[in-house]
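Let me give you the structure first, and then I'll get to my questions.
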Amino acid sequence: MDIILTNYFETGAVILFGVGFATLMLHRNLIKKIIGMNIMDTAIFLFFIAKGYIKGKDAPIIINSFKGVDSYINPIPSALMLTGIVVAVTTTAFALALTIKLYNHYQTVDLEVILRMRGENND
Amino acid sequence: MNKDIILKEVGKIIIPLVQLFGIYVIINGHLSPGGGFSGGTVLGTSLIIMHLIYGEDLVRSIYSRKKLLVGISSSLIFYTIIKGYSFLSYELELPHPPLGNFGSILSAGFILPLNIAVGIVVACVFYIIFSIFIKDEV
Amino acid sequence: MRKISASLITIILISILLIGVSDLPEFGKENNPSNNILSKTYIENTSKETGAANIVTGIILDYRALDTLMEATVLFSGVTVIILLFKV
Amino acid sequence: MINYIPIINILILILFSFVMMLIKKNNIVKFISLASNVFIFLLSILLVKKVLIEEVITLSIGNPSNLLGIEFYVGKSEALVGLVFTFVMVMILWYSKFNLEKEVEENRLSFFYILINILLASLLGVIYTNDLFNSYVFIEVSTLSACGIIILKDKKENIKATVKYLIMSTIGSGLVLMAIAYIYSITGHLNISNIHEIIINNYQFHRNAVLIILGLFTVGLGIKSAVFPLHSWLPDAHSSAPTPASAALSALVIKVYVFMLMKVLFRMFSYEIVNSFIIMDIILLLGSMGMIFGSIMAIMQKELKRMVAYSSVAQMGYIVFGIGLGTISGTAIAIYHIIGHAVTKSSLFLISGLFIKKTGSKKIEDLKGIGREMPFTLGLFTLGAFSMVGIPILPGFISKWYLSLTCIEVGRVPLILIILASSLLNLLYYFPIVINGYFGNENLEGKIYKSKKIPFVRLLPIFLLVLSMIVIGGMSYNLIGLFSI
């Protein structure tokens, strides 16, 4: 169990994931659910990036001369998380657009109230 | 009326600088940290600031919704064609792009044009989404 | 009632993931499995094969360019969907 | 050059969707979309022919060595599933050529074709790719474009269904990305075959982490593919969407995530590793619960499209049940059922779209006596219903038959009762429609014979789908022999 204390980045990321998940599940307001989704995604990116870190090495950018293979951190997680961030941004933008449309239709942002309004005039 | 005179004057100075910085980040993507995504975000934000300060009609005259969509689609078509070429270049032994001398701007073969294409896509997407959210209809 | 069940699920999820974390290799170690042959080959070959000084950009735009292409498609379909949503 | 067909397929579909964004007139967009999909279908036929000769095509993109770039692994099952998916998409597009104008306004029509092209590109991507993170990106693209086609109709129900779908699928992809992070920290590779070589000899040291990875993948991909307890988003989303969209969603989109789960379970971890964990019994439990409760909920439905959507949940139960058995023949039948169900469900959804258009109401009661007006269409619906219920020589029966054989082979004979019970339940909600349609005599007088007949040209796509369903049912023996993960 002591690994949890040494892997403090991963533990922090997992707790942040739990916080995001709880915000997503507990709150009824759609905007808060979207914030919860964002916290969850950020936690996963922190977890993934923490995988690539190696103590005492610098960023994978060759400034003037190639300083050997063992002097750079692992570049793969940072390359992957660029893609993950863009996915999270697009999903958030789409969820916010849906919230605006729902507010125009139902005049409320409370998901429970919206879901309880069974389609009264389905064509 | 002209309560926002300060904003307009400061904007005239800052917005070109922000856009210059965005272009710098995109073009030096393969040399320094940054690249298409982050540079495109900077450019997109500069467009949003311009929209906020000078109102929609100025920005709509320069970057109309039509032009932005054409910008996105053409840079994506450019990206797909270039990447299609480089994917197939291993099989059909097509000539690879010149890598240029290491560390200069025009090095690294296709990476510079691809970075610019991705930068344009990201900038235009951010601005279009922002302009739709503000006006609530297309 | 819903609040209790939701927070219960979250606590269970966090504890499961923490058990998982306790099983993972050390943080920031040199010989972690994640810093193995793959990352070393990337560091070594990127500047030679792609000419990019920034290894991460080299990976994104040359080795895993399909990821970035699908990334741009996510952005493109995001814009299409939002325009569609607000089209009167 | 034929080896590069998988990547050419995806690039062409994406390229044409960008081109379609630039074009104003709708009929040019329709023509480009149909032309690109037919071209992709022909390429897939070439690919299947090549794969049947050459067992497996591995294709590394971006870099010749399979270590650095992204690798595509196209075996027999991937090529065949890709072929059936492109075939079903061509039929759906052909159907929507003349039936979509009624449901969707004029200025939103071209967006449907743009999103359908991106959707098919991402589905083929998830099937072909052998790289974990690459499949995550393809999954995200398919989710976003699937949400796009649901909100084509600007109605309250569509937007409400999409919000629920988007929130649940974000949780799903969050869990999948967490699982990929765990796998990457243990093995250091992203390529499924490379991970397999490492995980074989060091999964004993990380038993907890491997179990959590399996759990995360199962729950994450289970949410996205509407496996039983996590399916609450599917009925609203699939019933409110326009007909061609709900056909594409129900027949193709939810299948791809289960196919990904199979690749993770059986190609990344081998059969022995996975069977040594309790996850297989959980999957088996999920599958059997889905088969039973999915059908029960379908019986209670009043609206036609919601009933067909719930029957998708039940059929997903069959596929997950096949995976849960954990044997090579089990997965072969699961893949066979993916193909069989894709063809059957899309034809059922398209026909129910025609019924709703002609009768003007979504309720099942108003379909009484429909056989008098649209005899041929109801005939096609009956064939689809026969396959769902499990009449011999049709794909539904064959997967039920081989599933029970595998249950015996695995030694879990009582599970056959579940299969029988669920096919009985299927009977209870499909046959009333057919029987009332043809023989329900209490409301036949007002209906003139063949009055609402649909011209045969409009029915051709559905007729071809039903024909291919019978063909798949017919050559089932050698088909099942081909499938393996």
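A, B, C and D label the chains in the order they appear, each numbered from 1.
In this section, contacts are C-beta pairs under 8 Å (C-beta built on N, C-alpha and C of every residue); 3 or more make two chains touch, one makes a residue touch a chain.
Because the structure is a prediction, the values reported are computed rather than measured.
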Between A-B and C-D, flag the pair that has more C-beta pairs in contact. C-D
CA centroid of subunit B to CA centroid of subunit C, Å: 23
From the C-alpha centre of subunit C to that of subunit D, how far is it in Å? 26
Gap in Å, rounded to a whole number, between the CA centres of subunit C and subunit A: 10
Quick check on subunit C: which residues sit in contact with 2+ other chains? 17, 20, 22-24, 32, 34-35, 38-39, 42, 47, 53-54, 56, 60, 62, 64-71, 73-76, 78, 81-83, 85-87
Contacts with two or more other chains, residues of subunit A listed in rising order: 17, 21, 51, 61, 76-77, 80, 82-83, 86-87, 90, 93-94, 97-98, 101
Of all the residues in subunit D, which ones touch at least 2 other chains? 7, 14, 18, 21, 61-63, 133, 137, 140, 144, 147, 151, 159, 178, 184-185, 190
What topology does the chain contact graph adopt: line, ring, star, complete, or other? complete
Within their complex, state which residues of subunit B touch subunit C. 29-36, 69, 72-73, 76, 79-80, 83, 86-87, 99-100, 102-103, 107-111, 114-115, 117-118, 121-122, 125, 128-129, 132, 136-138
Looking at the complex, which residues from subunit D come into contact with subunit C? 7, 14, 17-18, 21, 61-63, 67-70, 107-108, 111, 114-115, 118, 121-122, 125, 133-134, 137-138, 140-141, 144-145, 147-148, 151-152, 154, 159, 178, 182, 184-190, 194, 198, 202, 206-209, 212-213, 215
So, in the complex, the side of subunit C touching subunit A is made of residues 3, 6-7, 9-11, 13-14, 17-18, 20-24, 26-30, 32, 34-35, 38-40, 42-44, 46-47, 53-56, 59-60, 64, 67-68, 70-71, 74-75, 78, 81-82, 85-86
What does subunit C use to touch subunit B in their complex? 47, 50-54, 56-58, 60-62, 65-66, 68-69, 71-73, 75-76, 78-79, 82-83, 86-88
Contact set on subunit C toward subunit D in their complex: 16-17, 19-20, 22-25, 32-39, 41-42, 45, 49, 62-67, 69-71, 73-74, 76-78, 80-81, 83-85, 87
